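Some structures are shown below for you to check.
In the two complexes below, subunit A is the common chain; its partner is subunit B in one and subunit C in the other.
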Partner chain A sequence: MTSLSETGSGGAARRRGLAARAGLAELAILLALVAIFSVLNPHAFPTLTNLNTILNNAAIPIVIGVGASLVVLTGRIDLSVEGVMGAAGMAFVLLSANSRETADIGWLAYPAALAVGAVLGGTTGAIHALAKVPSFIVSLGMWYVGLGIAAVLFGYEMIPFLGNEAAVAWPTATPLGLPNSFVLALVVVGLGWLIERYTRLGRYAYAIGNNESVARMTGIPVAGFVVAIFAFAGACSALAGVMGSLALGAGSATVGVGMLFLTLAAIVIGGTPLGGGRGGALRTVTGVLILSTLYNGLILVGVDPSIQSGVSGVVLVAAVIAAGWSQRARLRVFK
Partner chain B sequence: MHHRFTSTVRTSLAATALTLATLGPVFYGLPAAAETSQQTYDKSDIILVTTVINATNPYMASWIEGSKALGEKLGLPVEIVQSNGSSQTQIAGIQALAAKGKKIVLVTNPLAASDVPAIANTIKQNGGYMVVWWNMPPNMEPADVGDHFVAFGTYNGVTAGECGAKALVEAMGGKGGIIALPGVLDSTVSQERVAGLKEVIKDYPDITLLDEQPANWDQAIALKTTQQLVAKYGDEIDGVWTADDAMMLGAYEAIKKAGMIGEVKFSGEGAYPPVVDLMVAQPDGNVVAASSFHRGYKAAATGMLIAYKAAVGELDVATLTADQRHGQYAIDCVTPENAAKFQENGGIDPTWLDRLVADPFMDLVGGKVELPNG
Partner chain C sequence: MKLLSRPDELRQALGPLAIFAILLALISVAVPEFLGGGGPSIIAQQATPILLVALGQCVVLCIGSIDLSNAAIALFASILAALTLGPLGAAAPVFCLIVVTLIGVANGLVLVYTQIPSFALTLGTLGVMQAASLVVTGSNVVYVMDNMDVVGWLFTVQILTLPVAFWIAVVLAAALWAFLRFTVPGQGLMAIGFNERAAGLSGQPVNALKVLAFGLSGFFAGLAGLCVISISGAASSIGLGSDLLVPSIAAALVGGTAITGGVCNPLNVVFGAMFVALIPVGSAAVGVNPQAQSIVYGVVLIVAVAATMSRARHGIVK
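== the complex of A and B ==
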């Protein structure tokens, strides 16, 4: 939770202190939730099985969050998550051994699915950057394009089931003590962190998000980097789509249902403002863990289903307020 | 005196209306197809339309297939309006087709009950006919709305819920814990099915309903929800009751991943082909206890045919019975014993469509669905 942009300004040290404090606030919220749910359901909540359930649930939104955080860092937004997940997930299933016997290209199905995501993401980025259309609306359109592709692939036939049982069992298996899906998510987070910290792509993302006109004036090819960042985000969503399909053991166009809201909320709770320039993938992990714990805990303590969504909305807003409290004075523009 | 006068006027007005209506087709130069009280049209003036919530759900896929099969049989193309989860998109889609000028013959599975009045208005203005499945406001009756709203059809959710629940508790040996996955809380269909479940477990004191968590009719959400419930109840779960087979397949995968398959029984609704296959092949043992059978294929074809027959005058709306205008259609209870019968051709008898064309109400089994008391 320590990474933050060094923007070269004089207040870098102070800003880093604030960031550390903000990171602690989010961690405190997570711990508070864990404590409350543990008291309310001491038998089932604080157990290893349940920890693995929460981590397994968190894996998919974390993977999406790595790409989405990078996009948000630049001050843009990618709403195409669920559509890209559907398209890539269906492509993956239909290119793997499955009950419809469409095709089986073996392990190549994985890179093929990621390529579907990268192309969709890159297209979003290119239309946004070259035609100068807000990323909000382009990616919204791409959400439906993705869903459309998924629907066409799904066709009017029956659900395609994955034939490779070992692959289907992989995400929830725990050879390393934690679910494989979560370990994979951590690897992706590590990759995201390295990109943010040590590559031009990542450093420029902060620069663009912080002040795009300055970034342009210093000669950064903004459009090119934005396309690359959207392509990376698309690939992350695609990986999430593959993980979701493995979890289901089947292809579904709606494999990503509910993920967009979850991921965006997690990014904001984690402390990456939608305005861009600050935050990053690591912070999003805390955000996702807060929301996954909340979702799991509300069911485990037996909150009535009809008020669960209300309660999670309230906790979400409270978490954003609490996480941003120390920085509220610094928010000059709020929209 | 006053009364008699009115009734005389009424009788003569009715007679005039009847005469006009009967002569109508003759005046318009249309085929004099039987004596119907409603406005009828030539086949060439009709377009067949159906609405679906989306095309990526097996029920909807089957629905589209049924609409197209009937369209082919009647020699008319079928327009499909996809709502994509939006009532506005759905109504706008129907209005756009109405604007093309032909008379609409619509079978719709509306997104929400509250959409039905707007759809009915569009059809009334167009002069077409419609049949609605599954969803309708509680105080609405096709007969009150008018001839253009030919019929409302549904399946008895209570019976469906009971089918799954009975087989499930029997498979569990009459004791143990059940988790239930309804669709969405405010869905009448889901509520009916849950009522069926509760009605059955009343008679089994050793059965506990551990939890009820709606899973939005969705496979992925059901998987996730079941994972939380497994963390909560663990071995206490002996049975999973779901209001729909898509959710059952999600729950099944979650239980399998938790290493509990074989110890837990399942019941679903809709008898999706993969679920029927599970009952026949039993790759993880005899764990799927039951699912009730009906098909989007049959619902769509039945509804579209009824509306079509009203439009061409092969069916007189005024003479339809109360059950025909608002009734429930046959469902079967599929269990591992009889599952093989439902495997071939998606469980649809190849002669079914031809028999339907001869009698569009052949699968009708009763009137309005009543919820059990309490």
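== the complex of A and C ==
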């Protein structure tokens, strides 16, 4: 299926060239940020400890971003991230050794949590594709459904603390020189890249996002693939929920709070347009790293944390303007 | 004018009213004292800020864009009102409305000048407004010290057992409906939603109309902010009104507004807002565990939009 992207005319090739250059631009922004903060704060910023802090903070949004990028590639959107993280995270904690002693199915808790996410994501996709309801509203509803499931699982009892101390310490440990959480995130990114590049799921995601009518006419079963893509995104969010629970060392329905807008901003900053058809997981990694470097650097420089959301907002808009500046035209349709 | 000639149009015209009536009937049967007691008044009070934000949102949705920042703008307006009511008195609401309308206009100007997607732009503005709220309040709660009576009457005076602010919002919805239906700029907004390129080629001032839509969104958000301050007498970045975004988008969509643009009926958004405000009451009335209410909210939202949305125009749903 790789030939799909090669069959375009000169215009497509030019666009690919532009896209490649744009990818380098984002990398340049990241390097510039690192350079600026290293100059501003030479003692605290460019250290191995701080690098590991940044990478550890980036791990969860990167994992979410791999699945969410695939959804955005098709021109759809998945707003259910925080709900799925809560539901899957709570399911994981309650199925592992914990202070409430609900159940302990050992390592099976991990696939069980991923299955919770895949089912929630698949349900979103199925309702969207079969009932023809916009993914925006279905995933918005599923956000609340996920939060509700997490709240019901949490119940009225004590906070369930994870019993397995080795597992809780695992994400921030650095046996390979980098935090395990980031290494895991890189593995997921590699998986996402392979899917995007070499599987039907990924190639069709680009095809659907590029021109859905044409994709349908060529006989691609769009609905089925959309459901599968949403299920994959759900599993990614679920893994992020598990990682978040491990980081907290306890179960919480709000383990994913703040992750949705961070991830969406990272996807767009990385260079995957919300209309779909271009971009991918690798670009989202750059987007996440730009934002987490920015947060970390600003705190170390001593900027008031309350303006963080404003800074990421300005960066988001600036990045999108920079990416789209050359395409401005009279009578261009932009929504 | 051919009205209600197809089942789809009928569902679009009456769907929001129908699902609201069904939910209200369900609650009335389950909890008979709801209607006689203060129930409707409380629902109207909760629905008013949601409705006002949703009215602005439906204009933006009408042109096929989205404004993720307007709820944050509403909260900023309430904070601004809390800070300025003391020194400015009766001029404070006017000042707040002007400021937030200008913020909306700024959104629109950046949008048409840079031609970036509204989703990304307003996501950025959302972050900026949140930061502005935190900075202006110093992360504290701001109480209205003086001149509370300037906005207090909005929810203390009642007409037909419902707060006067609710009726004002309904009148504004009717005015917005008339504006979209009977005026040249209103029809221009609808035309952009139907087919932006065609609207531009036929001489509609597309850019100016887009700025108008975002300005209206800011203006209605400001009104919602004044309602928040009237209800609570205090404002903070995490207080009452900080969670208006999702309910207001839901209200607009349940009210039959198409997220793809071109389909928008502000009168139905009134029922959408009341429906959204009723869901928590309804799920409590039929005995849903409080912790499961969010599940009900999500499911009902999906079902309500699936039932009321128009599918006539769209071969492809994204």
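Going forward, the second predicted complex is superposed on the first by the 312 of 335 C-alpha atoms of A that agree within 3 Å, B and C clash if a C-alpha of one lies under 4 Å from a C-alpha of the other, contacts with A are read in each partner's own complex, and residues count from 1 in each chain.
Rule of thumb we're sticking to: a residue touches a chain if its C-beta (ideal position, glycine included) is under 8 Å from a C-beta of that chain, and two chains touch if they have at least 3 such contacts.
Because the structure is predicted, anything quoted here is derived from the model rather than measured.
Identify whether subunit B and subunit C fit side by side or clash on subunit A in the overlaid structures.
Superposition result for subunit B and subunit C: clash.
Looking at A:His128, would you say it contacts subunit B, subunit C, both, or neither? Reply first, second, both or neither.
The answer is second: A:His128 touches subunit C but not subunit B.
For A:Ser306, decide between first (touching subunit B), second (touching subunit C), both and neither.
Both partners, subunit B and subunit C.
Which holds for A:Ala205: it touches subunit B only (first), subunit C only (second), both, or neither?
Once the two structures are laid over each other on A, A:Ala205 reaches no partner at all.
A:Val138 contacts which: subunit B (first), subunit C (second), both, neither?
Only subunit C; A:Val138 stays clear of subunit B.
Looking at the overlay, what does A:Ala235 touch: subunit B (first), subunit C (second), both, or neither?
neither
With both complexes overlaid on chain A, does A:Met158 touch subunit B (first), subunit C (second), both or neither?
A:Met158 sits against subunit B, while subunit C stays out of touch.
After the superposition on A, what does A:Asn50 contact: first (subunit B), second (subunit C), both or neither?
A:Asn50: touches subunit B, not subunit C.
On the A-aligned overlay, A:Val317 touches which partner chain: subunit B = first, subunit C = second, or both, or neither?
In the superposition, A:Val317 touches subunit C alone.
Looking at subunit A, does subunit B or subunit C touch a larger number of its residues?
The partner making contact with more of subunit A's residues is C.
Now that the structures are stacked on chain A, which of 27-35, 99-107 or 261-269 shows subunit B clashing with subunit C?
99-107
I'd like to check the shared interface: which positions of subunit A are touched by both subunit B and subunit C across the two complexes?
144, 147, 151, 154-156, 306
In the complex of these two chains, what residues of subunit A are touching subunit C?
Subunit A residues touching subunit C: 74-76, 83, 127-128, 131-138, 140-149, 151-152, 154-156, 212-213, 261, 264-265, 268, 273-275, 304, 306-314, 316-317, 320-321, 324-325, 327-329, 331-335.
Going by the contact rule at the top, pick out the subunit B residues touching subunit A in the complex.
Where subunit B meets subunit A, its residues are 54-56, 58, 61-62, 64-65, 84, 185, 211-214, 216, 218-221, 223-225, 227-234, 249-250, 253, 256-258, 272-274.
With touch defined as at the start, can you tell me which subunit C residues reach subunit A in the complex?
Residue positions touching the partner: 64-65, 110-111, 114-121, 123-128, 130-132, 134-135, 139, 196-197, 200-201, 246, 249-250, 253, 259-261, 289, 291-299, 301-302, 305-306, 309, 311, 314-318.
Name, in rising order, each residue of subunit A that touches subunit B in their complex.
Within the complex, subunit A touches subunit B at residues 41, 44, 47, 49-50, 53, 56-57, 99, 144, 147, 150-151, 154-159, 161, 168-169, 172, 244, 247-250, 252-258, 295-296, 299-300, 302, 305-306.
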